[in-house]
Amino acid sequence: MTIDHKRINGPEETIPYELFQKLNTKSLTTQFNECSKDGIRKDKRKTDEHRKIFITTGVVSQAKGSSYIELGNTKVIVSVFDPREIPNRTDYSLKGEIDCEFKFAPFSCPKRKLQQQDSEEKHYSAIMKQALESAVCRHEFPNFQVDIYALVLHNGGSALSAAIIAAGLALSHAGVPMYDLITSVTLGLQNGEKLVDLTLEEETLCLSPIADSKSHGIVVLSLLSTHEQVSQFFQTGNLTLEDVVECTHLLTKACKDIVPLIQKTLAKHVVKNVKESI
Amino acid sequence: MEKGELQCKFGILSRPDGSVMLSEGNTTVIAGIYGPVEVKMQKVLIEKAAVECHYRPKSGLPGVEDRFYESIIRNICETALAASMFPRSAISVVIQEMQNSGELISCAINAACLACLDSGIDMKCMFAAVSCFLGENNQLSLVPPVNRKEIKATFVFVFDNICGKIIASHTDGKFSESLYEEALYICMNESKNIFSFFKKSLFEREEKGKKK
Amino acid sequence: MAVEYKTLHPQKYYNYYLANNIRPDGREFDKYRPIVLNVNSVETADGSAICKIGQTTVICGIKAEFCRPKAETPNEGFIVPNLELPPLCSPKFKPGPPSDQAQVLSQLIADIIKNSNCVDLKDLCLHPDKLAWCLFIDFICLDFDGAIIDACIIALMGALKTVTLPTVDYDAALDNKLVNIEERHPLKIYSTPVSTTYIIFDDKYILTDPTVEEENLCSGLVTIVLNADEVCCVHKPGGTALNEGQLFDCIQKSKKRSKYINELIVSAVKALN
């Protein structure tokens, strides 16, 4: 470990204790079957069922717009700030920029994360940026950038989707002009099954290949629901072409399911605002 | 109970606008001050000078703990310096630790005050820091015990010379309220000696200057 | 009109209110904002808590890892506290390494943990000179609205009191460790420090539990940390000078608050079981 002069440093070498527990000797297939059997998952959900979602706006008083989302155990907080001039830029850009920072809290994952952004977090930031760029009317604020910060407080799976949903809501809360509401869902494939809204355990199982299964992996899709436009599609693992098509259909439906909830949350915020201003 | 002897030498560095080497007992620091100088764009304040402090440990790079001392010294200097006389500029105080035998913070603060005086930058008041140590026998002393492990608590107080009020207080360790009070009064008395030392040293500096 | 006046002359705006013995948010000088404490909300951490004082929100998560004790202190573990002030919590902060303010606060928290002896480092040792726990205590500010250190210390104590560590079978001869994840035991907490922040406004008013607006305009700050009947930190980093009476007055006021917060933490932890 390199010494960070701007933080309090611990001992040079530390090892997570989870490495020393009794090994799980079951094969991946049995582990996966335990997770999902006859279309019913460990937490008694159907394969295409979402976890309980809680979402609210206005959690960060200092930010222009903010939101907090819980997808089951996954907890993400997002804040959006006033557009500011793009730093270190001399030429004029017609379209405004969106700057996303996705971060896992050090204690949010089973393994402790460092405070600096790692490559996974940087990758997720880029995906978030892609997903949100097409939802925002960027021509409305040329030469300016809107900062979006997402912090995962607890990663219980599908953290990226949660962050995208929350960021979309935070943007509308901040009053940033947008074309449509954006929703996002994570789907996992393994052993011929497709699971919507993955938990962390399911995520890890979907990422490791099982010998006799054709497709495995994770797909994250973000959707602008009014015209069923896909704003971003991210996939890891190994999928057959048929599976890709089927996943897209499943995810489109799943994404649309969440939209009324987002609308309701926004409506609540507007009603509250109106009441306060009277 | 006698405090370690104070010794100081002005102008030991040629580049800064004011500099001093101060030793209290066995603790020694060098302080230098630059000001008013040009300020970085991000730090510009339109109504007063930005006061900054850099603290350098004896070896290695400054860490989080040093940043903590930096902020205390910076805040104290900002209170005492007439920063509003120099808007859109910076006053920078640099402290180099030479030797530490316990009363490092108070020595650094006193050195900062002397360096400010040496530089001739306008000040609202002088300030003096006094450290007080709570030993194993629950006795308060101004001299740090030889064995550091015997220290149960450390108090550092900073006073101004005009009203004798408390500019800063920093403590280490656990103690009762009455002990805190006691330590405060002991330090308050001692601060008078330090102020007279400051004055004496300044007179001596003047004398030397005249001879030259 | 009031809003415009406030933006143009914030100091005067405040003085008008304070001259009438009231703060713009409707509080009297020595009144606190409501506190909310939620413990053990993050399952991936070994102990966690969220504390909200008014709008100020801090989350504290503790994760334990194995390490080797230092040669100088072979029977002690480690506690590594760090505070992050991410750009998420306020437009004042920019992305990048911790600001000076975050570093100063981290150090102050570390000092408070050390001074109050709330955790005995010897309890964190599993086998002398071979194996010990290192507790990484990470604070993240989610909403920066003043009195951040008070919120940190409440969250810290809430989190520490919910920390459970797994039992470890350690074979020193072979350096074999076997962790029993299910069998967990709580950490022994010896004391509960409580911090209270005051600001000095316009060189004459002393306000308790400041908001960020008040902190930005104030001329001095005092933080007092009490630990039952003992004082474990009186931190006044410069600013307007106070006389001793004012300082003692602050300590007296903190006493009552310390008792109240102690009860709050106890009841929050109790509700969990």
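Per-chain numbering from 1; labels A, B and C assigned in written order.
Note that in this section contacts are C-beta pairs under 8 Å (C-beta built on N, C-alpha and C of every residue); 3 or more make two chains touch, one makes a residue touch a chain.
The structure presented is a predicted model; accordingly, all values stated were derived computationally and were not measured.
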Between chain pairs A-C and A-B, which one is joined by a greater number of C-beta pairs in contact?
A-C
Of the chains present, which has its C-alpha mean closest to the combined C-alpha mean?
C
Quick check for the class: compute each chain's Cα centroid; which one is farthest from the centroid of chain A?
B
Determine the centre-to-centre distance between chain A and chain C, using the mean Cα coordinates as centres, and give it in whole Å.
30
Let me have the rounded angstrom distance from the C-alpha centre of chain A over to the C-alpha centre of chain B, please.
50
At least two partner chains per residue is the criterion; list those residues in chain B.
64, 67
Find every residue in chain A that makes contact with two or more other chains and list them.
6-9
Going by the contact rule already set, what residues in chain C reach two or more other chains?
103, 106-107, 110
Chain A residues within the chain C interface of the complex:
4, 6-11, 13-18, 20-22, 59-63, 73, 75, 77-79, 81-82, 101, 103, 105-110, 112, 115, 147, 149-151, 153-156
Across the complex, what residues on chain C touch chain B?
100, 103-104, 106-108, 110-111, 115-117, 220, 222, 227, 229-244, 247-248, 251
Okay, in this complex, where on chain B does chain C touch?
64-65, 67-68, 70-72, 74-79, 158-160, 163, 165-177, 180-181, 184-185, 188
Using the touch definition from the top, list the residues of chain A that touch chain B in their complex.
5-9
Which of the residues in chain B end up touching chain A in this complex?
61-64, 67
